[in-house]
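In what follows, chain A forms one complex with chain B and a second complex with chain C.
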Partner chain A sequence: MKQIWSIAATTLGEAIRRRVLLVILLVGVVFIAIAPGLGVLSARSETTVLRSMLLGIIQMTSAVIAVVLTVYMIPNEIERRTIYTILSKPVQRWQFLLGKYFGAVLSLAVMMALMTGVLCIAYWIQQGYNAQGLQDLLKAPVMFFVQMCLLAAIGLFFSTFVSPLVNFFLSGGLYLLGSTFSLLFQDMLANPNAPGVAKMIATVVNVIVPNFAYYNIQNPIINPQVVIQDEFQNYVKIMAYGVAYIGALLVAGILIFDRREV
Partner chain B sequence: MAAAIETKSLTKTYKLRNGKVNVVDKLDLYVEEGEIFGFLGPNGAGKTTTIKMLLGIIYPTSGEAKVLGKEAGDINTHRIISYLPEKPYYYEYMTGMEILKFYGSLFGINDPAKFQSLLERVNLAGDAGKPISAYSKGMQQRIGLAQSLLNDPRLLFLDEPTGGLDPIAHIEIRDLILQFREEGKTVFISSHALSDVERICDRVAIINKGVIARQGKLDELLRGGRIEVIADQVPADFPAKLKDLKVTSSYNNARLILDIDEEEDVNGVLDSLRSAKAHIVSVIPRRKKLEDLFLETVKNVSEKRTTTMSGAAQ
Partner chain C sequence: MTRKSKLPLILLVVFALTQAVIGRVVVFPVWVKDYKPKGNQANAGGLSPDQLLLSLAGFRELIAGILWVRADSFFDTGNYDAVLPLIRLVTILDPHQIDVYATGMWHIGYNFTDEDQRSDRRYIPSALALGKEGANNNKETYEMFFETGWMWYHKVDDDYAQAVKWFEDAHERPDIIQARKNLLSMAYFRAGELEKGIGLLNKLYEEAVVAENKADATYGNTQVRETIENNLDTHLVRFVQRGEWARLQDAQNGTNTFEQGDYDTLPPHDVGFSARVTVEAPRAIRVEGTWNVLPIGSRIRIVLRDEDYPNAVPAGMQWDMTDEVTLDPPKNVTFMQDQLFIRNRRFDRRIDMSKDVTMYPFTKDKYVVEFYYNPRSAPPHLQDKFGYTGIGFTDSNFLDLQARNGERVMYTKLELTRDQLLQRGEWADRNAVVQTKNFDPGKRVGSQQDIINIPNLRAKS
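Take a look at the complex of A and B:
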């Protein structure tokens, strides 16, 4: 456990000093900060536009950070030979991989917390103090965090055996697929008139590609007239789904990394 | 003496597009505890691959490797060994002290006094607070050695420990390695610095194209060089009597200096000198240089391979 924590802490230390991540974070923070001023450009209600923009910026910035952070994780350690000094110590490969993953999760937590902090300030300045409104708004970053942990697990899984560039497209592609097309595939499965082949493809995609769309809970937050039934239960369910997927990805990553020549 | 490292037919094969290549081929190594063992070979000979297999970082295709009596890669063995890779890189944002804290934590060591004493030992106490990015190459190598001593290892793997260092840093690292032997540690050094190896190693193995070409005690491997005999009051006609022997001689003012190629000729020459009432000043066996042995070995292996390959082609 000590080893996992040490590696995680070192990964966090490195991540918060990586220029590329800091630039992405800075862009996200700047956009969140200026978002209240951009609401006037839209014909829709200012509150709706502001909430939509703020949450959209956090989600997109976090996704880019999660992918950039994890695609280089293992290849960089091998290229710089840091992995050799670590694995020659009493550190098992699974401990190394878990340490890297938890380091990525910690880094995401720190960076997303910063963006969320700026979001709260921007929202407060624009809307005035509204505890209930803020509380509702903050549900989304929490779910986005689970979503990003899942995305980080995908990035780390692929980084155990593919190059960073390929990983970037694979992880990014799966994120887009899981965010935008999962509902389509689920509709296809539910449709009794859908052809058998289409249902089969939909089943395979549903199992392999994690459904990132579950965590896109911004719709009821942006549009308060939309209500989620059994909201708390639903959140617990999708969190459990995320944790199960993350667990499966980490186990698969460990199995591959355990036999990998480094 | 117990074996610190023992390999039997250790082989590592990589698949290439046009076939397979044995990067390490049926390697039989034996390193005794407490000795400094030099592992020599040209670039691409299979040195680093062998070390990685011994550390369990990569897996052998076939054969056996034992380190301190356990299978290579055994996690408990990792508590009593250490490794300094060639051109090590550390997390650059960390300071020297933080590097030791990080690697120490992997052993469960959190002892600031120990970290401080290690920094002092490698002459980095004054630079402990500087980030690694501000360290020179020699300083990075020294912090690497400090991290490799955190667990007070019984066996150290040092891959090119003096590579690219300036002469002062070079001597400092060499002296540290000599101290390890005094402390009873086993040191396995892969190096191109033949003069260092000749000076500090007890035994060496020369590997070329994945095959061990020579292995043994340095003294024995370097034996068999010329023997120099110097004698005074030698009669002027004496050199002519040596024309049937493999001897190089120079005669001046009754002083004769002989370089004798064959060891078995020495006694005969000495007897003849005594019979001629000459005064024998010195008999000095001149050792081969490791550089000569290395070049000769590498050349022989390359020639053998070329011959075998052309034979196979025919």
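Take a look at the complex of A and C:
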């Protein structure tokens, strides 16, 4: 356990020093800061667009950070040959991989916390102090964090056997697919004219592909008139799904990395 | 863990199966019910790739806002055709934008017109479908229920039971504003549910009195109370003078006081409808005829449509025939609807459909020209004679109890062919003329004794 946390802490330190991540973070923070000025684009209420924009920016920025952070993790260690130094110590490969993953998760937590802090300030300035409104708004970044942990697990999984560039497109593509497929899948299920075979194939894909859309809980937050019962239970279920999927990805990554020549 | 250990494989299978079961069986139904954005993403095909990407990435409301601002600018420049697809996209992306739904409904239902400002009725099913979709997506507020009811009440102006249904749904929502509650009573009257209409006015009056007597009452509360009181008084007087109270008592007691009474609706007035349609030029017809009602306010509906128009009913169509909002109604069918205004007990109107060939394509061989009058839609001063439901209304030739399920309406139709309307073939150098059997070219108005003495609400001497 000690080894895992040591690697995680080192990974966090590296991530905070990486300029590319800091630039992405800065862009996200700037966008969040100027978002209140775009509330005029709403025909209904500025609050709606403001919430939508703030949450959208956090989500997109976090996704880019998660992918960029993880695609280089293993290849960089191999390329810089630092992995030999680490693995020559009493550290198992699975411990190394888990340490890297938890380091990525910690990095995401720090960066997303910073963006969420700016979001709170921007929302406060625009809307005035509204504890309930802020509390509701903060549910989304929490679920986005779980979503990004899942995305980081995908990035790390692919980084055990593909190059960073390929991994970037694979992870990014899977994120887009996972964010959109459930919408199309549900529409297809509801469509009585869709062929049965297509529905069956779609169901299989729906089970295999990580469903990032499950974490997009912002709809009832942006439109608060939607009443949800057992909200806490829902969040627990959605998180359990993420934990199981992350577990599968990490174990698969360990299996591949364990057999790989470095 | 060693390479030979089976634990990782077992863990992998367990995790994979767990995520599959939780994801598909536990989370997916929850997500569909509570978190899935409403609206069909597959229909957002009008978005550019970047807009689609942004909307799928969580910026739906932002993209919807930008599109709405664009739509507004198209309104300002009069580019109405460009507005509709944008409105549809906004409602798909952000189905809680009630203003956009309401504006879209109004735009689809009212603003597609020909040169003479006749609205294209082929769009109305789509407008109603949009209203229905908006109401379903915003069930917590009265607004789209009211707007959809209004379209039935004002635009369709025929099927008042539908207006009642939608207004009643609006009334069930707690956020309905006081000033909009009255309309349900008007819909009740036109739907023939007179007791309900009076009952609702009574209830609204009591509520208004309570609101007016509250400590924080405003001048607005007084205005509302006075308006309802005035409505209630007027309808109570009319209720009695039109004999509705007597008819109600007769129905309850098995008596026959209405027939023996001196009510304004007795005896029923024969409106003596007759009509002639002349094709004066290709796609242009002249419609003339008689209607023995002197006071201004009568408007007879005229419909010229394909004989086999889909889902047609006499002088109309099944307006709620679809739940699909299509911005491209069938372009190969013709449905013209207009009003014939009565002046001096006659009408004479030229209807030119030649300037808008996409609205009136005339692709079918046979057409019908329908004439329709429903006393339920008549203004109050004419209803003082005809009654709320037409009990004081008749036509010796064209009274029809079938066209609207037992309602007393005037209905008749004439037939024309495509060659006649387009003046082709044997009609190339002739004007086709079709007329009702009672049309008399020499008698262009009803006789003097046909004039109605419109009753007034003052006490009889």
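Keep this in mind: the second predicted complex is superposed on the first by the 248 of 262 C-alpha atoms of A that agree within 3 Å, B and C clash if a C-alpha of one lies under 4 Å from a C-alpha of the other, contacts with A are read in each partner's own complex, and residues count from 1 in each chain.
In this section, a residue touches a chain if its C-beta (ideal position, glycine included) is under 8 Å from a C-beta of that chain, and two chains touch if they have at least 3 such contacts.
Model, not experiment: these values are computed from the prediction.
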Q.
Under the superposition described at the top, does placing chain B and chain C together on chain A give a clash or a fit?
A. fit
Q: Once the two structures are overlaid on A, work out the angle chain B-chain A-chain C from the Cα centres, in steps of 10 degrees.
A: 160
Q.
With both complexes overlaid on chain A, does A:3 touch chain B (first), chain C (second), both or neither?
A. first
Q: Quick one: classify A:163 as touching chain B (first), chain C (second), both or neither.
A: neither
Q | Touched partner set for A:80, first chain B, second chain C, both or neither | A | first
(Q) Looking only at chain A, is it chain B or chain C that touches more of its residues? (A) C
Q) First (chain B), second (chain C), both or neither: which does A:237 touch? A) second
Q.
With both complexes overlaid on chain A, does A:14 touch chain B (first), chain C (second), both or neither?
A. first
Q | Partner chain(s) touched by A:91 [first = chain B, second = chain C, both, neither] | A | first
**Q.** Which of chain B and chain C A:261 touches, first, second, both or neither
**A.** first
**Q.** Per-pair minimum CA distance [chain C against chain B, superposed on A] in Å
**A.** 10
Q: State which residues of chain A lie in both footprints, the one left by chain B and the one left by chain C.
A: 92, 259
Q) Okay, in this complex, where on chain A does chain C touch? A) 38, 41-44, 48-49, 51-53, 55-56, 59-60, 92, 94, 176, 179-180, 182-184, 186-187, 203, 206-208, 211, 213-214, 216-220, 222-223, 225-226, 228, 234, 237-238, 240-241, 244-245, 247-248, 251-252, 254-255, 258-259
Q.
For the complex, give me every residue of chain A touching chain B.
A. 2-3, 5-6, 10, 13-14, 17, 80-92, 259, 261-262
Q | Residues of chain B defined as touching chain A within the complex | A | 52, 55-59, 75-76, 78-79, 81-91, 93-94, 102-103, 105-108, 144, 147, 151, 157
Q: Under the touch definition given earlier, write down the residues of chain C that touch chain A in their complex.
A: 1, 3, 8-9, 11-12, 15-16, 18-20, 22-24, 26-28, 30-32, 34-37, 40-42, 53-54, 56-62, 64-66, 68-69, 72, 90, 94, 96-100, 138, 140-141
